[in-house]
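Note that the chains are named A, B, C, D and E in the order they appear, and that numbering of residues resets to 1 at the start of each chain.
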Amino acid sequence: MTAMAKMKEIEALTPQIKKILAYYEGASSATKANLARILMHGKLGGTGKLVILPVDQGFEHGPARSFAKNPAAYDPHYHYQLAIDAGLSAYAAPLGFLEAGVETFKGEMPTILKINSANSLFPKAAAPDQACTGSVKDAVRMGCAAVGFTIYPGSSQSYDMMEEVADMAREAKDAGLAVVIWSYPRGADLSKEGETAIDVTAYAAHIAALLGAHIIKVKPPTAHIEQAEAKKVYESEKIDVSTATARFRHITQACFNGRRIVVFSGGVAKGEADILEEAKAIRDGGGNGSIIGRNTFQRPRDEALKLLDSIIKVYKA
Amino acid sequence: MTAMAKMKEIEALTPQIKKILAYYEGASSATKANLARILMHGKLGGTGKLVILPVDQGFEHGPARSFAKNPAAYDPHYHYQLAIDAGLSAYAAPLGFLEAGVETFKGEMPTILKINSANSLFPKAAAPDQACTGSVKDAVRMGCAAVGFTIYPGSSQSYDMMEEVADMAREAKDAGLAVVIWSYPRGADLSKEGETAIDVTAYAAHIAALLGAHIIKVKPPTAHIEQAEAKKVYESEKIDVSTATARFRHITQACFNGRRIVVFSGGVAKGEADILEEAKAIRDGGGNGSIIGRNTFQRPRDEALKLLDSIIKVYKA
Amino acid sequence: MTAMAKMKEIEALTPQIKKILAYYEGASSATKANLARILMHGKLGGTGKLVILPVDQGFEHGPARSFAKNPAAYDPHYHYQLAIDAGLSAYAAPLGFLEAGVETFKGEMPTILKINSANSLFPKAAAPDQACTGSVKDAVRMGCAAVGFTIYPGSSQSYDMMEEVADMAREAKDAGLAVVIWSYPRGADLSKEGETAIDVTAYAAHIAALLGAHIIKVKPPTAHIEQAEAKKVYESEKIDVSTATARFRHITQACFNGRRIVVFSGGVAKGEADILEEAKAIRDGGGNGSIIGRNTFQRPRDEALKLLDSIIKVYKA
Amino acid sequence: MTAMAKMKEIEALTPQIKKILAYYEGASSATKANLARILMHGKLGGTGKLVILPVDQGFEHGPARSFAKNPAAYDPHYHYQLAIDAGLSAYAAPLGFLEAGVETFKGEMPTILKINSANSLFPKAAAPDQACTGSVKDAVRMGCAAVGFTIYPGSSQSYDMMEEVADMAREAKDAGLAVVIWSYPRGADLSKEGETAIDVTAYAAHIAALLGAHIIKVKPPTAHIEQAEAKKVYESEKIDVSTATARFRHITQACFNGRRIVVFSGGVAKGEADILEEAKAIRDGGGNGSIIGRNTFQRPRDEALKLLDSIIKVYKA
Amino acid sequence: MTAMAKMKEIEALTPQIKKILAYYEGASSATKANLARILMHGKLGGTGKLVILPVDQGFEHGPARSFAKNPAAYDPHYHYQLAIDAGLSAYAAPLGFLEAGVETFKGEMPTILKINSANSLFPKAAAPDQACTGSVKDAVRMGCAAVGFTIYPGSSQSYDMMEEVADMAREAKDAGLAVVIWSYPRGADLSKEGETAIDVTAYAAHIAALLGAHIIKVKPPTAHIEQAEAKKVYESEKIDVSTATARFRHITQACFNGRRIVVFSGGVAKGEADILEEAKAIRDGGGNGSIIGRNTFQRPRDEALKLLDSIIKVYKA
């Protein structure tokens, strides 16, 4: 697999990838080359589709909640190897986790340094926020293809987060890296249901695109519409949000009408059938792929590899 | 159109433009040249009048509320082309949107990078503020003629916003760019009606001028007078605020007695007749033009081009 | 007048000015030369007395409240010309206003860039503060002789303001400029009457001197004593605060016993007789002069010139 | 002892140390060399086990509460000498304390500059936080092998603390130093019991590892489980937390499955038997050692040396 | 006196001073030389004892409360001359005050720039804090031997103050200056009595030492014990706090067992007998001297010189 992956890297870019790269008009050649590293890597290399393994669950929910189901996953090497063996497009993790395998797995896999992270010990009453624990310099030193950030549109801290992300994204681009933004709405004026509402998700994706993200990550949206002003427009303009496929298509519109790569997270752990169903809807709606963590590393390795292969086959279809 | 526009750029400056540029006594030659790029461009080139297309609605209100009425407008290229084909003076947008067409439309049109933006997911109870998502460096890299900022005089965050804008405006001027300030009053002591009151609007325009803006953008003022201390003066000095024309004239006084360019936004979507009526009042009051977004790109393209042409004819008359 | 002023600049320093400059032991030759530019300029040149025109009313109270009584004053050039024709010592204004005449009036008049400003749209409930809208670099670029700052001793923001002013004053001195501090007490523990109390005004002047101001500006103090601890001392030490002259003398004591220049603002608009009476008391109390804005530019130009000439005659007497 | 220690430094690294160093894949050679200085020093040199003497009690609890029991300990030299004579692995203290012996004890002992500190005069109602009183530059100047920081996961200040630590850790690594993180949960949503709960301690250790710590310090965990979501997993996955040994083993899992060094503090003063019992459990659970302050320097020197020798023997066993 | 003082500067260091300087193991030669400038100056030069004149009362309490009793003291030169004529060790004051005599008194006297200051106009309800009004650069430019800072351990602002002081102290040491810290506990959890309690004062002195101060200044402690946890230890360990001498001795313990210079302020104005009594207790307790402001400059000059001479004689005895 690794050898195959390496051969792929010296293959010529496919027309699909060339078309996607051309959308990034403001990006430098170096940044486009790093985007190409991700888009040409793994089993989906060259298709314009992506499956990314993110492992920031330890930070977000703690080690036991993340890894106790599959204790081998306490070891950072486990995830590198899983991403490599599954033929995924990239592996994303916070500083400490990525660093723990950086020498062993150098060059095997495009990596994404997740720069900021939240944790579940933080007081619930405080405005949603994250701490920057990595830096662009760290990403460069570790040979990463991209850096990743979370923003919480809707939080009273969100303008500060956006300014921080904008500054570091600029620094990343100057260093020739690609930029991934996880855009997760939450805050005082949003209901729990509203955090994944179709209007709010489309808005969150659009904000990430406006901030200059090359790859946007949002949660699969529901048919709920949160904001009253938006509801009027969704109804008067008869925007179709009735099916998952229609909703994913609407999100791609919000991502500059398809000019920006958008991938979707799996969210809470669920069954294989549901996961594959969702991937089909993403594909049919024009989305670029999945970013799937807990649903893989909390399964036994064999099952995870099988599941990931099934997902990849959906995107290849 | 494009070819014509380009020819215009090599034409000599008109006496009107020379007079306007002479007002900017503190500006460098480079900044004056960038002001001239805007003032000499498009159908109003050389007249001292301006029509600017701003597309920050996606950031401010979300993608569906902005573009669903005319889905072609989800594509960032749509707006560049609209501004070019309508023969406008400049096109303004946030980082991601501008970047998405920067290579395709390079040199076709003076562009303005809107550096800061707010969004409708932000908690209503928080003090009005914006996030800086672009930078002067981005504007230079993309060949922009100017950078744009919003300030919210009246917000408890307004002094921080003004310091931020003052710092970045200084950096922009050092880079030879022009500076546009959107001055929108809002905050704890202002009523909703007061946000567009004539006294408050004149004050907001004056603050933008004092901050060193080359182009000032405010909303068309109403005849309402918000502040008690101001009301005394408007009455004792018999300042005429009875007609739209008189009010626009008062605003130009507040802009250093006409030494600073001031343009007015269209505000909420409205009918063509109202828009043209407003443009006439701006013109007759000595204002420099319109900055008109939603009222163009939410119309079908043909209608938008026709409307913009009618507006331009008003200013040419 | 201008020619005369220019001749004066090449005249030798008078003994009075040499004595004053010698008080500024820590100042560089460049800063002393800029102080001398102000002290040797205009009708009071060489006397050690000063009359300064400040025009930050537009920022503080809005354009109509400032200029509607005398609409010619909407034009920034008006104030430069007024200061020149009246033979004043210096003209002070915020960035935009100063910049608007910087080329036309270059070299005609020592100018002071007012670096920070407040405005009347800011929420009344917020702690008194100001925004820095100019910079030392702007002052250098515009050939200013000095920079000016306001501090609000008594505000919960006052320590931040003092640090900001201390930092920028240091930068100004490194650039060879002089530093003027407007010291206006206000804040939670001060009554309205207390803001101009003799004890509080003396304290405010002393703080400005300790911060390193070359020229201190405070409001004319009343005989009221605000702070209980101070009241004990004023009574036990029998400090004379019964007449305006005695109070001005006390303020000069607080300014390092006369080692720092202190000027007084006119405050609210008032009659000519009151203004001249106040100037006499300033002079007799050992103060260095007046800084007078609204009371000049809100009068017709002829009246303003006559009034200023009368004030100057008081200081020359 | 010192001579022996020095000889040890020129000895070849043992296989155990080579294995540990290999875990630090992202670390520079210089940082690994500094880790090796600590791991090869003292009586446990070469074993992969550590005993560190930390003396920040004076900062945390005041001088009398820290040193009155054994007044010789008021003198900073006392602690250096104690660490040397006991054959410990390293000595950690805040700036002033370390600096007070830096010349006398140069080269005798690896030292760790504790960069931030809290104190017991700080208002209890304020969010838990610390002040940075040292710097990486100080550590370099004093020849330290490492820098140390405390974070308080769970505090509303914790994201700021993490960003500060991340920034300074990066600077320390650039300077070739090792990084030690004291991870002590506390904050609004945590009960007193929860601060040492097994789930919370494991989480705190994991966060330190993700932040890039080379050596992690946490408190010995109790069998209490604090967070409801965690409780579900500890029960469903039957994680053994019934014995101290099992809990220490769980913590090493949370430290990247043993890829990061983790040491445990003694906490409140207690009897020798309890201390040795705890050390055995740490050893049997796979922990790397103890960091023991009050329980040593608050004893008479002879007793302290005897106790430390007993602890070391436990780890050697 | 001045000539004698100058001769002393070229004298060889006394054994007492050599011993004290050797305690400052982390200090550069330049910083030790500046400490020596202070320790070798004035009537106590070479004894290891110090009397310092601080004049920040004008900032802290206002000019009239500070200087009206002895109006000559409004003039900054008064204090320089007093310190010189009294043969004191150093003179400390804020920027403006020091600068006002820097040329006249250059080289006559070691000076200490007091970098931060509070004032009595600041709202009582706000957390105790100070504003930095000077800088290390100012101190270098004025030829100062040291810089001074106040911290308020116990204030919710105290961690910010400590970080600020730590940063500027580092900068001062890089510039070869010595660092003096005034450590004055106050804040939400401290009673008025507690601010000078023996436990709290010892703690405050210890914190200053840990922050890296070369000279520590605290208030004379009372026998009151404020903190419950401390009270237990003071009682169980039978720490003697019954006499002033015993308490001063305890403070020197807290200052690294005498490895750091500690001086005591006189506090509120009081009688000569009390002052001399206190000086004897400081001396007998092993303290290094007094820092005495109001009790000197609020007396007539002759009385002040006589009092200072008596104090000095106490320390020489």
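One rule holds for everything that comes next: a contact is a pair of C-beta atoms (placed from the backbone, for glycine too) under 8 Å apart; a residue touches a chain by one contact, two chains touch by 3 or more.
Just so it is clear, the structure is predicted and the values come from calculations on it, not from any experiment.
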item: Contacts common to subunit D and subunit E (chain labels); value: none
item: Shared chain contacts [subunit B and subunit C, defined touch]; value: none
item: Between subunit C and subunit E, centroid-to-centroid distance (C-alpha), Å; value: 36
item: Approximate Å spacing (C-alpha centroids) for the pair subunit B, subunit E; value: 58
item: Shared interface positions of subunit E, touching two or more other chains; value: none
item: Overall pattern in which the protein chains touch one another (line/ring/star/complete/other); value: ring
item: Round-the-ring chain order [start: subunit A; next: subunit D]; value: A, D, E, C, B
item: Subunit B partner contacts - residues on subunit C that touch it in the complex; value: 58-59, 61-65, 67-69, 71, 74-76, 94-104, 117-126, 129-135, 137-138, 141-142
item: Complex interface listing, subunit D residues touching subunit A; value: 23, 25-26, 153-156, 158-160, 162-163, 166-167, 170, 185, 187-190, 199-200, 202-207, 209-213, 227, 229-230, 233-234, 237, 239, 250, 253-254, 256-257, 259-260
